[in-house]
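Before anything else, here is the set of structures, which you'll find just below.
First subunit A sits with subunit B, and in the next complex the same chain sits with subunit C.
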Partner chain A sequence: MHILAKANLIEAIERLVKEFKVLVPMQYDGVSRFSVWGSHGMQAFNASNTLLPPKDSLFPRTETLYAYQVANQEITGVTVRDQAEHQIIFGIRPCDMQSIHCLDDVFLTKGYADSYYHSKREKLLTVCIGCTKSEPTCFCESMGINPAGHSGADIQMNDLGSGYRVVAQSQSGQEIVEKWKDLLSQGQEEVVAASCTLKVDMNGVPEMLATLFEHSLWQEVSRKCIGCGTCTYLCPTCHCFDMDIQNQGNQGTRFRCWDSCMFSDYSRMAGGHDPRPSKSERLRNRFLHKLQFFSERYGKSLCVGCGRCLIKCPVHVDITLLIDQVRKEAAHV
Partner chain B sequence: MSDNCYANELVPAIAKVFKIVDETPDIKTFFVSLPDGTKPFTPQPGQLGMVSLLHIGEAMFSVTAQGETHLEFAIKKCGLLTDALHEIKPGQMIGVRGPYGNGFPIERCLGKDLLFIGGGIGLAPVRSLITYCLGQRDDFGTLDIIYGARSIADLCFKEDLFSNWPRHERTKVHVTVDQGDPDCSCHIGFVPAFLEKINPDPQDKMVILCGPPIMIKFCLEVLTKIGYQDEQIITTLEMRMKCGIGKCGRCNIGSKFVCLDGPVFSMADLKNLPGEF
Partner chain C sequence: MNAIQIKMREVAGQLLSLGEVDRVIGWEKGRFAHQSPPAFITDETKVERLIWDEYCLTGTAKYLLDDPYRAGKTGLFARGCDARAINRLIQDGQVKRENIVIIGICCTGMSDSVSRQMAAKCCDCTHPTPVVYDLMIGEPVKPVAKPERFKAVAELEQKAAQEKSEYWTRQFAKCIRCYACRNICPACNCRECFADQYRVGWLGKQHHTAENQVFGLTRAYHIADRCIECGECARVCPVGIPLMELNRKLIKDIQQLFGDYHAGVDSETAPPLGRYSLDDMEEFM
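Take a look at the complex of A and B:
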């Protein structure tokens, strides 16, 4: 197998920066995220998944869709803004790799491909690093994900201690590995993968949830929720967006930005009617979307077990405890 | 004219409002063509179009009617965008994109008697189907249209109600208003009670029901009492929408998206979904 010595990691990345915007896990000011290679902060290749998910490389927090000019009754110009650059996410973890597959389902299937997402996705390469240690909040294994790697990545790497095992999993991945030829050595070493200590039993949960829609557990769980939206901003698979405009005199832009189903005005209609008027309905919709609705629609879970919402919810709403509770309540229905 | 119209799925094509009709004090119908005089797209009855004033906002409306070269949107004033739309003059350029969603299941209506029930602006989506049926009159049985609004002044499409539609064979229009002068020619009372009084026979009939949620709720009770099955009743839902293409997540009811899987649903479909609409 190909082995990239850790001493060669920097050189391997440097070889890519001419052609690609290379995003690597970085720690800055207590927050880890994917940042452009060379930006301020500390590389965090050894930590587990970043606090901020990598979704913004495909689905930016704010993204201009088009610009327009308006004069009197006329519209004098509409310019579509859809630019994508060649990007590599270097060091994505298996859970986040799976989250990209979920986003692909949303943005690229069911009759419409979202142009803005599509153009970025076409130019994205992924280098996945398997996890050798898991955080106490990681439960990807219970969500059917293998901490050792993800077959959807262009290149799969695994930490062997002094170097990484490198496996190309696609044509574009192969082309990158070619560029590293002189940096790689051959060897045989055993790949060690993490095993999650946090476990949930997802077996039958979507079906159980279908019977618990009217259950009082949603009232209970949502009581402490403050509707801050942290869980949705940090979730690698949350994809809801708002669309709005910014005017400057006669011209302006229409943009989209991340939105949160946990916000109180999320589904309120122009006439004032709101199908989900209180936080218990909103929290229920979020969890059912993650664990039931998405699997009904796309055949996979929309929770990848990354643990971010567990870590950062200010009031400790915990999706793993919720799953446990669902199992318990379903046994009584 | 083409099957769809947009610069990309989220970017509208530019169109011109060439005529505006005041229907009621708070409802206007906007006639829209592309700048070259052609129709933006050809929707199925019941399908949706996204309408925008670029510098104000964008919202989804059902296409009320269409001609060879234009689309019509009947729009009620009820928020930022619709307030602004009510201020525009003919000649105004707007954005349109569409069509979105599924139209009415016409195959399931073929050969049947049809009962249309509309309240207020709820006649707007229903009107596209009524017009379609009148154009293919022989494909359908009797057409009964029950329509109600707050007052005489609030009735939409008066010319259709009182002159165009009743002229067709086997077609009856029943109009009611919540309140009116004692000497007004319409029935006075709410739609559900009016429906119960008319007591339309469920045999071989499909119902197209559209209006404010409260009207729908009580009409459903009456229909069930008269003996209608959920499969016979079709409705269209309103939901807040942003993208129209099943991506922004805004319009979900359970695992369905109103913009893609609706807005037309049968009552039987809706009973299988959470009641969040």
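Take a look at the complex of A and C:
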């Protein structure tokens, strides 16, 4: 197997920066996220997943779609802003790698390809680092993900202690590995993978949820929810957005930006009707989307077990407790 | 089991079984040891869920706004901060005192769920004993002044304008616009927040530093004389923006301009920016 000594890691990354915008896990000002190589902060290759998910590299928080000018109440020029750079997410964890697969399903399949997402996705390379330790809140294994790695990454690396095992898993991954040729050594070492201590039983959960739409558990679970956007904005797979315009004099832009189904105004329609008027409907929608609707439509869970919402929900609404409760309630239906 | 918890369950059981309230709001255990989220109990046989430990961090009072026209009475467990929050809501005309039975708890402070040290909001607490209650659990203590809670503000005030601006720009660059700070805040009780009035145009929906700052600073100003210093906003902020430094700057200025005022300590004294007086300072005119 190819082994990249940790002492060579920086050089390996430096070789990519000419061609790519390299995003690495960084800790800055108390927040860990994927930042451009060389920006402020401390590299966090050894920590488990970052607090902020990597989704904004494909689906930015705010993205200008097009710009326009207006003269005499006529639109005079429309410029589409679809800028995609060659990017590498270096050090993505298996749960987040799976989240990109979920986003791919949403933005690229079923006959509707989102061009803005598509152009970024085409130019994205992923280097996944398998987890050697799990956080108490990690439950990716229960969601069918292997903490050791993800087959969807272009390159799979595994921490062996003094170096990383490197495996190219795609043509583009192979090309990168070629660039590292003189940095790699050969060896045989055992790959150690983390095992999650938090476990849930997902077997049959989508089917169970289909019978619990009107159940009182949603009222109960949602009472403490404060309807903030923490869980959705930290979730690597949540992808709700809104579109709006920003005008300045005789020119303007149309942008899209993240939105959250947990916000009280999210589902309010023109005229005032709201099909999800209270937090129990909103929370039900979020969890059903994660655990039922998405698997019905795309055959996979929209929760990848990253644990971010478990850590940061201000009032500890916990999707794993919900899954346990669903099993319990479904047994009584 | 601790004495407060025993008493809490006993009181909740009594209130529910006598029909004096039809629900109580307290705390229960979450999945992990350091999690004690709010609990809503309507059934006297379920009072065993109630707990009291060092992680009962979340405020209880704001939940009264979830269903303001609820018919029954609520038994609300209230520490010092929750009691001030109740006063806040009563004073703002959001809840009626007669609809709540306040079960005061003399609080000795909670722990931060990460550091396991005394939570920042509790280190700075001036009124650990509830300022309003119907029943009281525990041994009351006198309010403490805690002038040291303005230390960070005083230090920040020493800095040049440019430095201050850079500091807050960097902080709000982190903001993810989750609105957890607003949603947990008992002073943020407007029926419709300016931040949600996109069509009016106070605030753009874009997530970027400029709009984040408009949100954060406007919110701070809107509650300048009404913040009860519960510290919940700073606790829930997922990216750790030191929101209490902003709030305390405004509280400090208000105390300088309008005299000693502590929001929510009673429900009668009108907030300085909500009253009109002929001897108000007019330094800007």
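Keep this in mind: the second predicted complex is superposed on the first by the 333 of 333 C-alpha atoms of A that agree within 3 Å, B and C clash if a C-alpha of one lies under 4 Å from a C-alpha of the other, contacts with A are read in each partner's own complex, and residues count from 1 in each chain.
Going forward, contacts are C-beta pairs under 8 Å (C-beta built on N, C-alpha and C of every residue); 3 or more make two chains touch, one makes a residue touch a chain.
No experiment lies behind these values; they were computed from the predicted model shown.
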Room on subunit A for both subunit B and subunit C (clash or fit): fit
Which of subunit B and subunit C A:Met26 touches, first, second, both or neither: neither
Which of subunit B and subunit C A:Gln73 touches, first, second, both or neither: first
Following superposition on chain A: angle at subunit A, subunit B versus subunit C, Cα, nearest 10°: 90
Partner chain(s) touched by A:Leu209 [first = subunit B, second = subunit C, both, neither]: neither
First, second, both or neither for A:Asp82, with subunit B first and subunit C second: first
First, second, both or neither for A:Cys128, with subunit B first and subunit C second: neither
Touched partner set for A:Thr62, first subunit B, second subunit C, both or neither: second
First (subunit B), second (subunit C), both or neither touched by A:Asp242: both
Partner chain(s) touched by A:Asp114 [first = subunit B, second = subunit C, both, neither]: first
Of subunit C and subunit B, partner touching more subunit A residues: B
Partner chain in contact with A:Ala168 - subunit B first, subunit C second, else both or neither: neither
Where subunit B and subunit C come nearest after superposition, their Cα distance in Å: 8
Shared contact residues on subunit A - subunit B and subunit C: 242, 244, 259
Footprint of subunit A on subunit B - complex, ascending: 7-12, 14, 54-59, 78-82, 88-89, 91-93, 95, 213, 238-240, 242-243, 245-250, 252-255, 260, 274, 276-277
Residues of subunit A that touch subunit B when the two form their complex: 65-66, 68, 70, 73-75, 78, 80, 82, 106-107, 110-116, 213, 239-245, 247, 252, 254, 256, 259, 261, 266-271, 273, 275-276, 281, 285, 288-289, 292-294, 296-297
Complex interface listing, subunit A residues touching subunit C: 29-31, 51-52, 61-62, 136-137, 220, 223-224, 226-230, 233-234, 242, 244, 246, 255, 257-260, 263-265, 279, 310, 312, 314-318, 320-321
Complex contact set, residues of subunit C against subunit A: 30-32, 35, 37-40, 58, 62-63, 66, 170-171, 174, 176-180, 183-184, 196, 198, 204-208, 235-236, 238-240
